[in-house]
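Labels for the chains are A, B, C and D, by order of writing; each one numbers its residues from 1.
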Amino acid sequence: MIDKQVSSIPEAIADISDGATVMIGGFGASGSPIELIHALIDQGTRDLTVINNNTGNGEVGLAALIGNGQVRKMICSFPKSSQSKVFPELYSAGKIELELVPQGTLAERIRAAGAGIPAFYTPTTVGTVLAEGKESREFDGRRYVMEPWLQADFALIKSEVADRHGNLLYNKTARNFSPIMAMAATTTIVQSKRLVAPGEINPEHVVTPGIFVDRIVEVAQPVHEDTLIGQGRAYP
Amino acid sequence: MIDKQVSSIPEAIADISDGATVMIGGFGASGSPIELIHALIDQGTRDLTVINNNTGNGEVGLAALIGNGQVRKMICSFPKSSQSKVFPELYSAGKIELELVPQGTLAERIRAAGAGIPAFYTPTTVGTVLAEGKESREFDGRRYVMEPWLQADFALIKSEVADRHGNLLYNKTARNFSPIMAMAATTTIVQSKRLVAPGEINPEHVVTPGIFVDRIVEVAQPVHEDTLIGQGRAYP
Amino acid sequence: MSIGWTREQMAARAAQDIADGAYVNLGIGIPELIAQFVPEGREFVYHTENGLLGMGPPPSEDEKDLDLMNAGKKYVTAAAGASYFHHADSFSMIRGGHIDVCVLGTMQVAENGDIANWSTGAPGAIPAVGGAMDLVQGVKQIYVITQHETKHGEPKLVERCSMPLTGPGVVSRIYTDLAVVEVTPDGFRLVELAPGISFDEVEQKTGAPILPPAR
Amino acid sequence: MSIGWTREQMAARAAQDIADGAYVNLGIGIPELIAQFVPEGREFVYHTENGLLGMGPPPSEDEKDLDLMNAGKKYVTAAAGASYFHHADSFSMIRGGHIDVCVLGTMQVAENGDIANWSTGAPGAIPAVGGAMDLVQGVKQIYVITQHETKHGEPKLVERCSMPLTGPGVVSRIYTDLAVVEVTPDGFRLVELAPGISFDEVEQKTGAPILPPAR
């Protein structure tokens, strides 16, 4: 029988090892799988390459993971934040690498990895410094740059509802990068607010089909990054 | 105010002119916008390039459009059908052109057009006669062929529910190519079984966001291609 | 004359080699029978490329929905835990390597894993490929179920395919009425004989050398 | 000293040039004010690149959902007729040319339509681009709202951008506190002056030649 549920968060992430590439869902605070990230801090895994649109906020979640020195390299579109000094300080000190990718290219590279497309062409960055070193060519008289897929060993995802097959629903704009990251990672680990029986999610409404999910752990009352920041909290 | 509803089928398709490229949703009989296709037969538009996975069934819908001599070229993955001799006879007589595209490549080329991606690489067809004449290259030691986007002037789509913004829901596997065709065509024309007020479709459940839709016409009791064929019907 | 396995037995034998929890795409014909022979205690999830994961058995007349069909255009049902999606997402599952096993029928399969199952290559034939080339390139394991010989007594397991390829070097296992054969770097190798069938007979009816089972 | 338009008036003026039914993406800052000045009888649909079409006004404290924000990470609401989608679909709307108008702030805009609004290019600055480069390449019309001069009295409308480009030749209209300016093949052309502002003043504060209004 298919049952992707695991009973604890530490068990869900136990095989994320030093040097892994990890996609983390969320755009800003919305959709960030805080409990999974904090477990990764507890586990002490190091030398990570992390893919996320941003670099976290405050001193919790992704910012705390970075602040704890566990991240070797960030791949993101917008590493600055008004609410976090963690990444900027490490970056300015030369202690963390950055691969800057425009947001739409980041999304498309992730989707391409999930879809078995090793490279594609996009007009984004043409005529800018971010196109330097990239292969480019014309189609129908317009210039485009070639971009490669972006794969990962793991994806950490937060969902609203899940079943044992791994079918997922999200809450509003918390959806953001999570469905495509679930497609692109070798192993996709989900923390879900609710677990329901197969069939309780209408097949017409499924956002992430179960085939893209490997493990689900129930986190019935997830803390929200914005709430933690509002309380001035730091992790650990 | 945004209101994409038009009051009649002939009005909805009136500007499809001779020589147009038209995507038609549906996989076999499921999701085929029969009423829109029959209106195109009534209108007598000729010299069409039609994009669909198949070439229609029986003597109704797409098969009837082809049989009526209105289609110059088919772009599809599977032009044979046990239920239609229309395309095979014209093709064998050299009276219709065919661009054969593997099904997944067809879907991805359509999606690429909607997503502003002029070309991408896929492993599909590598090592086969269908890769002949295509540009190919290696990524990470595996060979891929380059495929261009596939754009269209019009898409004809069947939906289950629509609102005046053009948000769409489909019924089961009738969804198939319709959401990506809606993205890829300059003008997307939808026949919908039901029209509801904005807000009645849960924003979490929308399959095709309204931005991809241009016109909606209500067809409250659409005939199903399989029903017509079962009745031995021909159009006109 | 040999007896060997029936179509149902071939499907049942192939089903034995599919792991619990596998995502499976079944081609038209004998492969479809696999769904009737899922081994005790296992659950397979069926993908059909027109846009359904979690395909269930054919509907009763009451259940039948004209908009719920499989890639072979047969009416089906949706199992609990199913999901619908559009064609680009469906082929992302295939091309992206998310489907574990695809079981296909074939016209020819070669000792190097080449498969030819989409066109005879006869002049004047209308070419029709569907999703076959996507499946053989994208799915993790490609299994073939086929009669060992054509109706005319010619081998379907050959040294090199004479018909146009669907994909090169993609097949890993072959289930015929006579035997289970694996494709190895050294060519065909027998895995198992059908009851009453000898290795000699299989060797004789195979159009390429075939190695005895690995010890 | 000139008076010219306030931030609100600049936004209201830009809103006049957006057609009924337009799909609109609004940058952070003054562009966001446009939503408050939709002309009578028109309906705009707002796209926010994190995954919402049909963005509504900020929520009341009761309505607030921590998972419903815009690309500027401000809490928003969803209007009737809204839809949620993932990031690849969201940027398909942008890159695929489905958004009608994007209104952005800027640091510099050149007479050839080049825009520089993502990085000062100062050494040691942390680069951060977000969706800016996707928007300027993908959206049908790129409008800019900006003060005519920097805080230090330097022109923001220039012959060539000195800062790193966001995109080349993409801007069609510029709304400043002093004037509305269009980008033509012949360079900047005045469309309209703010009340109390003379053409001479605009000319003087623009870092490139500016043509008088077309007749």
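Following the convention adopted for this analysis, a contact is a pair of C-beta atoms (placed from the backbone, for glycine too) under 8 Å apart; a residue touches a chain by one contact, two chains touch by 3 or more.
Since the structure is predicted, the reported quantities are computational estimates derived from the model, not experimental observations.
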Using direct touches as single steps, what is the fewest number of steps from chain A over to chain B? 1
Neighbouring chains common to chain A and chain D, by label: B
So which one's got more C-beta contacts, A-C or B-C? B-C
Measuring centre to centre, with centres taken as mean CA positions, what chain is farthest from chain D? C
What is the distance, in whole Å, between the centres of chain B and chain D, each centre taken as the mean of its C-alpha atoms? 36
Report, in whole Å, the distance between the mean C-alpha point of chain B and the mean C-alpha point of chain C. 29
Separation of the C-alpha centres, chain C versus chain D, in whole Å, is 55
So chain D residues touching two or more other chains come to 52, 78, 84-85, 88, 91, 94-95, 138
Touching two or more other chains, which residues of chain B qualify? 108, 111, 115-117, 122-123, 170, 172, 203-204, 207
Pairwise touch network: line, ring, star, complete, or other: other
Interchain contacts (touch definition) - all pairs: A-B, A-C, A-D, B-C, B-D
Help me check something: in the complex, which residues belonging to chain B touch chain D? 1-2, 111, 113-117, 163-165, 167, 183, 197-199, 201, 203-204, 206, 209-212
Touching residues (chain side chain A, partner chain B) in the complex: 108, 112, 115-123, 139-140, 142, 144, 148, 169-170, 172, 203-205, 207
Using the touch definition from the top, list the residues of chain D that touch chain A in their complex. 48-52, 65-70, 73, 78, 84-88, 90-91, 94-95, 124, 126-134, 137-138, 164-169
Of all residues in chain D, those that touch chain B in their complex: 20-21, 23, 41, 43, 45, 47, 52-54, 78-85, 88-89, 91-99, 138
Touching residues of chain B toward chain C in the complex: what are they? 27-31, 53, 77-80, 87-88, 91-92, 98, 100, 102-108, 110-111, 122-130, 170-180, 207, 224, 226-227
